[in-house]
Every structure is written in C-alpha cells, then in structure tokens.
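Down below are the structures I want you to see.
Okay, so chain A shows up in both of these, paired with chain B first and chain C after.
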Partner chain A sequence: MTAKTIISRPIYGTLSPQPGKHHLFIADAEGALAITDMAGKAPPGFFDGAEIVFIPDPEGKHISALEALEPAQLHLPPSFASLLPRLRQTLTNAHMGLRLYLAGTEGLIGQAMQAALEAGVDHTSIETEHRGSLARRMQCVHCKGITENVTTQPAACSHCGLLLLVRDHYSRRLAAFQGVCINAEDRSEIPPMEEAFP
Partner chain B sequence: MGITFRKETFRDDFTFKNSPEHIRRFPFPFNEDAYMYAVNIEPHVVGPKGSVLENLIDVDEHYVAEMQDRALVLAEDPLRCQSLPHMTLAGWDLLELLMEQQALGYPEHFTLERNGDRWRWINRPLGIDDTFTFGDVSTLPYGPMEYITRQSQGDFCILDQRDGNLWMDAGMVTTQADWSLDFDIGMNFFEWHAPVPLAHEKGIFTRALKFLTNIQQGKPARRLNWTMTVNPRLDTSPENYHKWGPDRATVTPENVGDKVHLRVELQSFWRLPRSNGIVFPIRCYLIKMDELVTQPKWARRLHRVIRDLPEELATYKGLTRYRPTLVEWLSKLDDDGPTSPGFGPD
Partner chain C sequence: MSTGTTKLDVVVSDVVPVNDLVTRFHFRRRDGELLPTFSGGAHVVVEMRDGDRTRLNPYSLMGSPLDTREYTISIRRDDVGRGGSLFMHRQVKPGLEMVISYPVNLFSLDLRARKHLMLAGGIGITPFMAQTAQLAGAGGNFELHYTCRTASLGTYADVLRERHGNRVRLYHDDREERIDLERLLSSQPLGTHLYVCGPAGMINWVRARAASLGWPPETVHFEHFAAPQPGAPFDVELAVSGKTIRVGEQQSLLEAIEAAGVDPPYLCRGGVCGQCETNVISSDGKFIHNDHWLSEEDHRSGCKIMPCVSRFEGKSLVLER
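== the complex of A and B ==
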C-alpha cells in the first residue's frame, strides 16, 4: 500500500465500457480479470468490435477466459517489446473514436500509454485498471537507463549499478518512476533493501 | 562603461566570487526573520539603478564564465536542452525577447539590427556576430531556443498553455536546483511540482497557476526562490547528484564561510507573443557566506531563517547534513539585535 502519494503518481480506475464501436484492450497478468469483470457490465455485442491483446504468463493462465468473451480479435504476444511495432501501427491507423483500455501491471499500463501518447491519444481518454504486481519501471536519473520490475526500496540500477531511491515522481513520457542515488552524499551509507513494491 | 566580466569557474577549483558591488546588489530573498512558502509573485518592473532589477533581463560580471560553464554541461549531457516538436515558434519568441532585452539594457555589449526578417545579432562578450533569417531554423547553428539561451544567463523553461494548464514542453536547464528537465518535460504545472512538500496542501500551486495563465503580453511577473549549495556550483542537477552530493559532507566550522552559498533564483514569467506560451527564466545568483555576512543585517536574518526553518523544508532543500554547522557559525554573527524591514542591506 502506498500511504501518501504525490500528484505526478498515476491514479488508476476500474475498467468500464465506453461508448463507441472500436475497443482495444491491452492487458497482462491479472489484468485479464479486469477485462472479464468488466464484461459483465458490457452491453450485448460489445466484444464484436473489440480487439484484446493479452501478454500471458508462461502457464497461459486466463487465456481461455478471454477466448470465452469472443472478441473480434485476440492477440497473444509473448512480451510487450514484441507487441510494440504492431501496437504503434494500430494506434497510428486508428479511427477517431477508438477506445483504449489498459489493465494489469503498472509497467504494462505505462508503456502502452506511452505508445498511445506518441500516437496523439489524450491520456485522460484512456481507461486503466491496475491489477497484480506493484513492481515499478524506473529510470535512473544519472545514466538514464530503465530498470524493469523494481520491487525493492532502494533498488540498484541495472545499467550503472548506483543504489537508487525509487521516487513516486512519475513521467508518462518515459513511462517510468524516477530513481535518484540514495547515498550520493556518503557512499559508505548503505540503507537496507526492503521489499516495497511486491 | 561596460561590465568587467570575471574569469572564474563553477567547478573543479571553484574560483567564482562576487565583487563588492555585486555583493550589495545580491537579491537577498528574506524580507523578515522567518521563511515560509507564499505566492510571492509581483509585477516584473524595472527597479533601482545598481540592483539586479535595473534591467528586466540582468547581465552581470559572471556572464561570460556562466556561458562557458553551460557549454561544458551541454557537451557532457545534451539532454539538458530539449524542445518538443510543437515548441519551435515559442523558441523564436524567446530569441526575440532575449535579444531585445539584452541589447536594450547593455548596448555596449549587445546589438540587434533588424531589416525585415533579416536580423544581425552582435554579442561582443562572446565574440559572436551572426546574420540570420528570423523564423528560418536553417540560418542558425542551433534551434532558436538553444541558440539564444547559450548566450543568456539563467535557466529557461518554455511552457505551453492549453486545457487551462501549463505544460513544460521546452527548456534549457543547466544551473538547476536539483530537478531534471529530461524527466519533467511534457508534464503539466502540478505534475512537475509534485515532489515539492507542503505547498500543494496550502493551495500554492492552484493559485500560482491561475495567476500565470492570466499573464499578459508586456506585463511580466516575478518571484524569488532560494536554496543553498555547497561550493559555487551552477550544475547541481539530479543527473550529477552522485558527483556533487559528497560536497555536502565536506562542510566544517572552519570552511563554512567559503564553502556554503546562498542560492537565489529570480524567476520571471513572460507571455510570448506568437506562440501564446509563457517563458519562465530562472536566474541563479550565488553568494558565499563570507560575502553575505559583510552585510550585518543579512547575517542576523539568515541565521534566524535557517535556524527556524521547518524540518521538511530543510530536508527538501538538502540542508540537513550541514545545517547545525551553518547555524552555529551564523549564530556568532547574530547579536539578537533588530533587523530593518525589507530585503536590502542597511
């Protein structure tokens, strides 16, 4: 639980069916359950105009639940990186009125939103729901490298190795939280690393 | 008579210092013996001769050395200067503003000649004499914002105004007090101020945004902000925090006067005519404690301000590690006497 938060920290909601004919869902992990939960509230025929992109875990959990929704298209890329070229094209060619729904881990929501922003989609028009891990995507302010799936506080930068304080300050443009050297003033001070974003 | 530009450094051997005249013109930011946030915005109008407000864009004895330091920062890290694609017009607005103001205030150092769109800019301190076509990026060695802000003291943020908010969409930021343009670019007014403690709860940013979005062309505004820096280092960026952070552990009772600097930002806000953006110059002034305490009123007042500063603010400003040493040193210069109202020295 994050007790006190700051304004740049994203706030996620609960997916709800939006008016429109074209719906694009992007989800990973437990995000599939956000879609199936929403399906109960959707009007008949809603998924006839929907594409669901789901990045499954290695066991393929939740795939059959999504198949049961009978979306117009179900795409199962193995990773977000492998999805990105296709997603960029979809967003570039999208008609006005395409509705975007993002659900799952914070890293997935952030990176899909980043691609949408680059395609000119207004971030406030995007439905989001956070499910699953609180792991953070972090940019090292010093070397600019991104470290994925950060669960500890502090956390080591996977590029330059500095020990970083993972801040709540978040950039949609970078789809990342900011990491700042935690012991810059005295490197001999090594605070204990604790599980903070399970 | 022109300005005598000092040869000095803001890194390595840190030879920066202020001449006696520059000490007296320092924009001391405290008009009473305590400090708390306030929306301390006022019209940016010309002030007394000999003050930093004598001209609306101030050029001082540190100009040449500051521009050399900026060039070093940019060579190491080009991401300190960024402009999102829709901000080029605002860059031209800024170029016009800074050329006009510098030529107006300091005709012996800067000259702007205009012949329609054909402009000639002469910057004598930096040995520049360029002729270019206003609005044509291909006629300048850099984009318009980068070109002119490599020749102007202070950081510059250009804010786009839309949806009732201000968006940090371009900037030249090499002398910042620990915030990252590269991280914050593209954020709105509330987002980029998100890490500032206490001020959100006090409604400071809501009121400030309302004021700023209503700024009119030809009616700039200003405010002062402050922090402290160990060693006269302009580049106290988060990018390099792991390099300058250790300085904060080097303050001793013997070296406080030389090492610890009050860092004041004169922030001004200007509506830009073509783009309708706002430019936000953040001009940084440094003064070491030994220089500051030559004015007894400032010594007394700074002692009281630093001693009584709320812990959250002290932490945010990065003073925690050396505050006790600084307060002890300043206390010896505070005779508990009264201080006169206002900012200036007695």
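== the complex of A and C ==
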C-alpha cells in the first residue's frame, strides 16, 4: 500500500469486477495475482468477455494461472513498448461498455492509464491495483529524460547524470514521477543514496 | 440572500408562444449592459411575485452561451402544479420588471469527452438547446436523441433539425417511435459522455440501462428539477432561529422557512444541488423525500431533509435551522 502524500500521488485500489460488456486487463509480473484474486469475486461467465494482456517475467511465472481463467483472449507481449500500438488501436475502436483493469507495477499502470486517457477514458473509471515492486518511472525536470525502474532516493538521471530527489509529484500525462536536482547549490555535496522504492 | 444567488435586475423583452403548451420568455438587463456569461446546461432561478406570494423556480437557459445580450427560457404550462408556470404564462408580459438569479450550472458538459450523447424528453430539451449551440460553435462531436409526444409538441425540434441536421434524431410517442436504448448505448465510442434531461421515469430508465451496460457513473450526467409537490400542511420548529412555522399546502418547506425571515442556502430549488441540506434534530412522523441528492440511507435515517422539495407528515419535526 502506498501512502497518500501529495494530491498527485496516485492511489491504487483492489480490482473488483465492474458491470460491462467487455473487460480488458493489462498486467505485469505480480499483477497477475491481482487478477486471479479478483476472479473469485467475478460472476460466472465474466471472463468469456475478457481479454488479458500480460507481460510475464523471464521465468514466465503466473502464465498458467491466467490461462486457467479461460479468458476470451490472452496475450503475452514481451514489453509495454511492444503492446502499446495495439493497445492504442484497441482503445480507439472500442465502445462504451469496455472496462479497464490495470494491475502490477506503477510504471505499467501509469503508462497504460496514459493511453486510456488519450482515448478519452476518465481515470476514475479505471480499476487499478498495485502489486510487486515499488520502482518508479521518473522524469528528470532538467533534461526531461525518463529513467525507468528507479528504486533509490536520490537517484541519478540516466540521461544527464544529475543527482535527483524523486518526488511524490506525479504527472498522469507523462506517467512519471518528477525528479529534481538534490544538490543544485553545491554539486560536491552528495547525500547518501538509500533503497527507497524496493 | 443565499449562497451563489446574486440577483440580476431584468426586464422581460419578449414573450413568444411556441406551441400549445410552451412559451418562451426573453430577459435583458434593465441597465442595458450585457448579462453574465454562462455555459450550456446552466439555469437561473426566476422570482415570481404573485400578489403577496413569491415563488422561486429554476429554468434552464436555452439561448446560445455566445450571446449574452439576452437570456431565454422556455416554460411548459403545468395546469396541476403549484402555479409557477401558470403565473408565467398568464401574467408575464413584455416590459415587466423581474428579478432572476445569476446562472448556475449543475448540468455542464464534460469537455474532455470524445463525444457527447444527449437524450431529451419533452421540455427537457431546453438545456440541450444551449449545449448544442455551444458545441456546434466549437466543432464538438455530439448527437441528440429527442423524444416528444407529437410532432406539434416537439418543442424546437424544427429549429434543432435545421441547425444540426442529422445530429438530431426525433422520436414521436404518437407514432410509436422508441429509442433503441440498448443498441444506442452499446454502439458509442469509448470516451463518450451521456447527458439525460426529461421526466423522472426516463432519467431512471436511461441511468439504469447505462449502468448495467458498463457506463461508469462519472460519464452519465442528468438533470431533473423536481417541482416541489403540494401536500398536507405541517408544523416545523426551527431550533437555531427559535421559530415555529407552518408549511402550507401549496408551499414548500424552503419557502415557509424563507417566509419566516430565515435565509437558508439554496441554488437549484429542485432537489439536485445539495445546498439546502438540513439536519433533523428530532422527528415523530414520516418524511416524504423528493430529492435526487441524499442517498437512500440518508432518506431512511430520518436525519436529513432537503427543504426545497421534501415534506413531512406527522406529529413533530425539529430542524437545525
């Protein structure tokens, strides 16, 4: 569970089955467990109208558990980048009555939500559940570069190398937390780097 | 004076009969200035001074929000109501000086939507007159489905068809034309918002269908001003102001409170905005809740009442007012 700090810090819930004609799940890694947990609460036949898009870890954990739900479709893309064009296409052609469920890491939830917002879906209409790593997707406010999987505080920008304070300030549009130079006054001052988002 | 209800001094600039039941009223500012800007879906509360009685009724603005030289409202005559519409139809003539509230919008468009799907029933067409004008001016994507009893009572159907062509679909009850709601709601692109204005039965039907077909609540907008219903007179104790009042048969509880010189907050006077919510200190009797604001739980608890539309029957009622 992530604590509420400032208003833009996303808050995630627990997936629950919504009324609807079609259900699109997007999950990575441990997010699969959020789906299988939810399945217990779903009405009979719920997964007949469901498509699950799951980015598995290298060992292929949880794939068989999702297969066991017998969704109408199950896709296993290797990365978020590889599923994005197809997701955009699906959302553009979709009709009202399609419900979205996002589960797994913050990076995945944020980026999938970004695509949904572009398609005109209200963020409050989307079911989300955070599972697994707390690693953050961070944007350096100085060079604008995005660094994935940030687990430390502070963290180095992978583009310009500045040492950044990873803020709770979150941009839904960029699906990223903001990173601000932590030693702008005196670069020789290097605060200790701690594991903050395991 | 109440929250958000700053007044405008206006003069009736025109009165135009539209059909057998509906008349349109035009207002301009008495000082000749422009009226405040508003957005499609906004309403004003019109003060009707009828002898020693003052009625305050909400009406949707139906003119284009791009034109603030005048405000226009359309009123359907209701022969069995509490008399507000009859007063407007019979007594209000061009040149009459009246007082109306600033516009308030409780039914605004969500402009982030990819498409706006509008469903109107009868006189519920009025807010959509303003909203379609606003969207057409901005190149917005909308579709309006309008159900009326007969072609001759299809208020503004001709105007809308002429302005917006095929984006307006008409359904006539007397020709047994019915909206295929299931199909309509299932064929809208993701990112569509739904707007409904019309009789309570229609609103409930559309909301229930939309919910079961998977439209998230935040994409479904509706407006229905409940008219205060007449009923048996009852007595109320206002604990804060230390007064005991009687609510007459044709009076709303809110009107009775105001008549006693107490000035409670209000915005819509139709049970939708929540402004007039009042705590019940004690009661012995039965509440007649008519609002769309309180939850069913609140209604059952007997701890709250919306005095603009709801009444009470029984021995005693004490309000925190």
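Criterion: the second predicted complex is superposed on the first by the 194 of 198 C-alpha atoms of A that agree within 3 Å, B and C clash if a C-alpha of one lies under 4 Å from a C-alpha of the other, contacts with A are read in each partner's own complex, and residues count from 1 in each chain.
FYI, contacts are C-beta pairs under 8 Å (C-beta built on N, C-alpha and C of every residue); 3 or more make two chains touch, one makes a residue touch a chain.
Worth saying up front: this structure is predicted, and the values here are computed from it rather than measured.
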Touching partner for A:125 - first (chain B), second (chain C), both, neither: second
Which of chain B and chain C A:95 touches, first, second, both or neither: second
Touching partner for A:138 - first (chain B), second (chain C), both, neither: neither
Touched partner set for A:18, first chain B, second chain C, both or neither: second
Which superposed partner A:113 touches (first chain B, second chain C, both, neither): neither
Which superposed partner A:169 touches (first chain B, second chain C, both, neither): first
Overlap of the chain B and chain C footprints on chain A, listed as residue numbers: none
Residues of chain A that touch chain B when the two form their complex: 6-9, 139, 141-142, 144, 162, 167-169, 171-174, 178, 180-181, 184-187
Chain B to chain A touching residues, read off their complex: 79, 180, 182-187, 190-195, 200, 238-242, 245-246, 248-249, 321
Contacting residues of chain C [partner chain A, same complex]: 112-115, 185-192, 211-216, 218-219
Residue ranges of chain A touching chain C (in the complex, touch as defined): 18-22, 91-92, 94-99, 119-122, 124-125
